[in-house]
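Provided herewith is a single structure, encoded as structure tokens, for subsequent inquiry.
We call the chains A, B, C, D, E and F, going by the order they appear; numbering starts again at 1 in every chain.
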Amino acid sequence: MIDETLLKRAGVLIEALPYIRQFHGKTMVIKYGGAAMVDPALKDAVMTDIVLLKYVGINPVVVHGGGAEISELMKRLGKEATFINGMRVTDAETMEIAEMVLVGKIGKEIVQLINQHGGKAVGLSGKDAAFMIARQIEGQPDLGLVGEIERVDPTMAELLATHGFIPVISSVAADEAGKTFNINADIVAGQVAAALGAIKLIVLTDVRGVLKNVDDPESLIPSLSVAEVEEQLAQGIYERGMIPKLQSCLIAVRGGVERAHIIDGRVPHAILIELFTDAGIGTMITP
Amino acid sequence: MIDETLLKRAGVLIEALPYIRQFHGKTMVIKYGGAAMVDPALKDAVMTDIVLLKYVGINPVVVHGGGAEISELMKRLGKEATFINGMRVTDAETMEIAEMVLVGKIGKEIVQLINQHGGKAVGLSGKDAAFMIARQIEGQPDLGLVGEIERVDPTMAELLATHGFIPVISSVAADEAGKTFNINADIVAGQVAAALGAIKLIVLTDVRGVLKNVDDPESLIPSLSVAEVEEQLAQGIYERGMIPKLQSCLIAVRGGVERAHIIDGRVPHAILIELFTDAGIGTMITP
Amino acid sequence: MIDETLLKRAGVLIEALPYIRQFHGKTMVIKYGGAAMVDPALKDAVMTDIVLLKYVGINPVVVHGGGAEISELMKRLGKEATFINGMRVTDAETMEIAEMVLVGKIGKEIVQLINQHGGKAVGLSGKDAAFMIARQIEGQPDLGLVGEIERVDPTMAELLATHGFIPVISSVAADEAGKTFNINADIVAGQVAAALGAIKLIVLTDVRGVLKNVDDPESLIPSLSVAEVEEQLAQGIYERGMIPKLQSCLIAVRGGVERAHIIDGRVPHAILIELFTDAGIGTMITP
Amino acid sequence: MIDETLLKRAGVLIEALPYIRQFHGKTMVIKYGGAAMVDPALKDAVMTDIVLLKYVGINPVVVHGGGAEISELMKRLGKEATFINGMRVTDAETMEIAEMVLVGKIGKEIVQLINQHGGKAVGLSGKDAAFMIARQIEGQPDLGLVGEIERVDPTMAELLATHGFIPVISSVAADEAGKTFNINADIVAGQVAAALGAIKLIVLTDVRGVLKNVDDPESLIPSLSVAEVEEQLAQGIYERGMIPKLQSCLIAVRGGVERAHIIDGRVPHAILIELFTDAGIGTMITP
Amino acid sequence: MIDETLLKRAGVLIEALPYIRQFHGKTMVIKYGGAAMVDPALKDAVMTDIVLLKYVGINPVVVHGGGAEISELMKRLGKEATFINGMRVTDAETMEIAEMVLVGKIGKEIVQLINQHGGKAVGLSGKDAAFMIARQIEGQPDLGLVGEIERVDPTMAELLATHGFIPVISSVAADEAGKTFNINADIVAGQVAAALGAIKLIVLTDVRGVLKNVDDPESLIPSLSVAEVEEQLAQGIYERGMIPKLQSCLIAVRGGVERAHIIDGRVPHAILIELFTDAGIGTMITP
Amino acid sequence: MIDETLLKRAGVLIEALPYIRQFHGKTMVIKYGGAAMVDPALKDAVMTDIVLLKYVGINPVVVHGGGAEISELMKRLGKEATFINGMRVTDAETMEIAEMVLVGKIGKEIVQLINQHGGKAVGLSGKDAAFMIARQIEGQPDLGLVGEIERVDPTMAELLATHGFIPVISSVAADEAGKTFNINADIVAGQVAAALGAIKLIVLTDVRGVLKNVDDPESLIPSLSVAEVEEQLAQGIYERGMIPKLQSCLIAVRGGVERAHIIDGRVPHAILIELFTDAGIGTMITP
């Protein structure tokens, strides 16, 4: 009598219920980057997911980086990007360019997209209300203005989140003296997740998750404990791009976050699938 | 790379988003009855739907009757149920039986089922906090203790709804002098919807909706205005069971409720399908 | 110059003042039952007392049972009531009857009477908002669905009490799996008093209090410590009806309630006399 | 079985219930003076009454004068008190004496007595938080620093009253320029009652109320309308002492106070008798 | 005995008191630009002033532009800035550059400076929480993405201001469709002042104020009414740079702001001098 | 271009900023007395300072005595003032006089002066809301009604302070039995500072501070620790008038107050100079 499709649709909503219940009123930090920040359809899908989270009673907080666009503007300004161990060598001019791109271009674009999808996003860098205080990264003076987070003051982000807003955080912060630093966005995401007492950290990547064999996409490891990740990091078996993502997860889970997930941002609505279906995708890091 | 089914699932959640947004923080009154109150699988589906509503930020309020079970207990007590124009002739003993069945059996069973599904329901009759004040129905003295609602005080129901509870209302109320009356649950639902400023009233029935030709289930009328319903009620074209349901919708919509829906309670998750998909089912009454 | 009577009246109000002050803002649990629940004049007096408490700033919470009326309906339905050690053997049908009578008849009658006297009562069973979770009573499988309280969640009752409402609690609750149990109302009263942090538990009975000699109403024991009650219960000197009342008091006082009182419900306004005059009546259980 | 006296006591409490209900949460202004401010037993009775009011949910506000004690201190300081039409001629030195006596002696004594009886009183003059702004009384320059109230700012008194405190107001206030004025306490009481939206003004006097024949205490007029009082004041039939009391009542009732009462302060607990018994005493002024 | 200088210092604080009192709890919008945004000592002075305002109970809101720095980055990127009637012709690439410079460079620099001086600033553009909605400026299609403010939603800015934060607003906003526009910062300041119900708008310029004779700095006009400004704008007597500043003041004062001030940003602490001394500087626009 | 004086003025405000920031939201107790309570210009200066404190976000609380005026009224009433070790022998009549003068004259005059300067003061004695409970001073029965503070209940003073009011406290309090005592105002100030968790106690005196050589005003000791003061008090090197001031500071600092200051009340605006300039005056007592 009734269209079978409609019943299936209801079934999906019903399947989501226990997860909605479990995450209700909780904070969830989403590290946004990779293909999901480039492909228009994927962008659209991520924004929709974030707004849906907000409407079903979860507090999403977005953290983003933007290395490619920084390099591009540098190039247009006749400045070459150089890297040491994958980290950008950052002089004062590079820092200025990075901040303009991250805060004034990418951050506001995400804010605008979320708003277009029915949310109310507010773009923040560590400087806003001295939300995050940075310091120079230790032991690597050649990198210049590359920093790490010294501490996070969650007051303003929580004020915004509890009044219906979605914080969008760019990975830039100043130290106590007011000097600006570029900080790895993955690491920022992990620290913000811990500081805000998030229930989950979700890191969007361009691979299926942590792979046993980096050349075999089917060799996905569905779950790893903090101890396992630490051991394997020490063994040096991961490729460079995965390392900060795993470190981000370690920071979060050691800091009290229940679960951290490295998922495939090339899959549309990967966030919803991870959160609201029994399937689960990518690799989950547990305490 | 990713299972097609998962993408479809995400699509269903996404399709629901605009509706979730639209109904966020609003009150929705559900008249529960018919097959959906008898069949265990349907019961289960309705309770799941109600709890899902609560978790996505909507305030569901349930109103129920229970004629069949009243008649059954009367029969067991050797008392014959008699009706005039479909309304139960209610002497003092019948009233006592009706109240025990509605409040002490059906109401608490619904409360318990909602709780089992993860909600926090509170069973109420009009007597609780003098939530609804009744008076004898006019012009029909032969019916005995059959009443109508004189006024509704929404204070307690709103207090409960805004603190995370789901009110479940039995269609019994006392008059100012403390005399108890049996009241048509459809009518109660319409009046409660208006008094609580609900955005929608959803009436579960055992037909597909309002039909042009009562013998042809395919002759469903998807939408009717208050004026159309009033005219057709005056023409007497509706069968008896549909009349109080339509009157309930008229009371609600005239009282400020945006939309009232008569939907098929025999379809599992009919509430979710109606609210959260583009399909829409049953008949909608508009201002 | 002024009527002597008026001065005496003022004196009574003045005598009440220190008690009103002492109990201000505190919760008081009243176990309602016996003659006070049958005789219309006594009923009326109890309801007046409860409403007066509310108006002078005390939070009364009423707990009731209703064995006689359960047996009566069972009899009308051709079902014989059987007891083991004074506890009702409760099969599924008996449980259904008990719940209908307690929740749908007695509970709502008390609610209505309190409202008639100017209060705003709300009838609750353990199922409402999963207020009380039950479990099968241990070691007595022959009793069937006779339970005990596993835990009480005071949230909803406190919400109602602090917003001007008077909770009226029927002694029925479900276990985690949703199975319904009949629970001794005296025991419920003691547990609710402890869970709500009540200052007093008042148990209405049909005797003058605890008597030294059960045949001599003048042998009233005005005060007993928990230790004394425990010792005497172990000695088995109390008659059966008094045992659950004393156990109720023990549960309350051990759970932090300052005083528990077993008083004579056949005396009109026994509650007011106990609380607001220097006289004091019945037996008081102290820590 | 139970002492008859106890039942009678309960009856008195019960008789008070409808009045407690009616006055719950309302403000009541008491003009304190006359014998009730001199006789120790009467003082004690008034303080008890005021504290009882507070505990049953009413907000009492006390206003007092103190002419006799002012004259006494003046005499001790070798200064003669002179009056024109019953109003004290007030030079700067007299004003200083009056303020010391009213604020520093009588006001604090009342505060202390209320505290001894279990209340929490706070003594205030019009100067505190510029609660009352005065101006010189019109057309009577010979009186010197005799003023009238220009306006009342209820903010601080309401803050105190809603936080459990009992304001005790001395009839002294300054004008905008800071000059201090002595103001008739009866008139202050009427204006404060109106400004605080009181439900009742109660003026304690040393007569039974308004008498038809001033020499016949039995000629008490139980009730007068504002119009009747205005007419009779114009006819000049009242003796001097009663005039400001009647004017106080007129100010209050015209300003929205429901009832003003002139009662016999020589009767112990006259306030309780007036408020909480069916008797009623003295003369009531109605709109 | 005491150093004369200290007494003079106290005198300055005392002179400020009536102004502090007058502006307590009020919002004040500061249009920041010109020399005060370039010279390090002046920058420092402005930030100190803003933080002082916050600490004495005023809510400062900063609005800034940044034309020169936009042109500079354009030049570095090999793009020529072109203007029509003083307004920048803005194609998509120019808009992207402008947004990066305003939001990601100038805005965050101001935020950081305020924080260094002890405040807690939060940088915002119109996109954040859709705080300001823009539309294309009318009648000038050749200008490209030059917009005007259609409406301001003060919710988020007020939330931040009442929780101790200082909003710093960049003059960029998107329209309903998400297209980004560059908006004259003077005009934004006037509209924000009106939307937030500010008591004052203070526009920092590089001249002494409105001059009668543009070549004679001594010809300062201390005060102008809205009507006078409107008349003189119609007469076309003002030089180009002053026109948007005057229009900003008109928008503010017509929108309910009490006073708008055009003051000389080259004077250190011009804001404090204007607000907290009897002197007053620059030109004041009154209703 | 700009008047040099204006720049200097701004400089003073700027110098005050770090102090305003440091003391924001904190309570500061000011012991008012000596020349500053007699000389009209000094009075005026103190009141202005207190109101300024309130407006820049500090909560000032004033404590005052008034020995000279008590003696004067005693003399006018033909009563001789006698002292033992500098403490007034206080019989019942003296106590009555002292209370009238302190509460009804000096206290209200301070209240009125603060109000004239734009504050909202409320005069309190220990009796108000039983704010301070006294007891007879130990070991000196000849002194009569001279007391010491047993405990302070900060509730009401905090309620007033957080709602914009300035408490002005007279050094009179009653014991539990209601007997009134005269208490050294210096000691009251120290105890109130500790009870309210003040950040500072400021004691106004008629000397420059604690002097090494009492005859050499230039021998000011700028800072003393609690241990140093205790030692020197034990050595008996201080003159009588300084002893209670030092004891007051000890009570405060031992009770958690960060700094206590004995400053020269003969210097106009000594409070502002001490608090808001880098100079600092008088003697500071530190933990």
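Just so we're on the same page, a residue touches a chain if its C-beta (ideal position, glycine included) is under 8 Å from a C-beta of that chain, and two chains touch if they have at least 3 such contacts.
In this text, all values refer to a predicted model and were calculated from it rather than measured experimentally.
Note on connectivity: the fewest chain-to-chain touch steps from chain C to chain E number 3.
Separating the CA-averaged centres of chain A and chain B is a span of 45 Å.
Chain E has its Cα centroid 35 Å from the Cα centroid of chain A. If you average the CA atoms of chain A and of chain F, the two centres end up 57 Å from each other.
All chains form one closed ring of contacts, and listing them from chain C in the direction of chain D gives C, D, F, E, A, B. Touching chain D in their complex are the following residues of chain F: 76-77, 96, 99-105, 107-108, 111-113, 115-116, 120-125, 127-130, 156, 159-160, 163, 165, 172, 174, 178, 180.
Those residues of chain B that touch chain A in the shared complex are 1-3, 6-18, 20-21, 24, 45, 48-49, 51-52, 55-57, 118, 208, 217, 264, 266-269, 272-273, 276-277, 279, 281.
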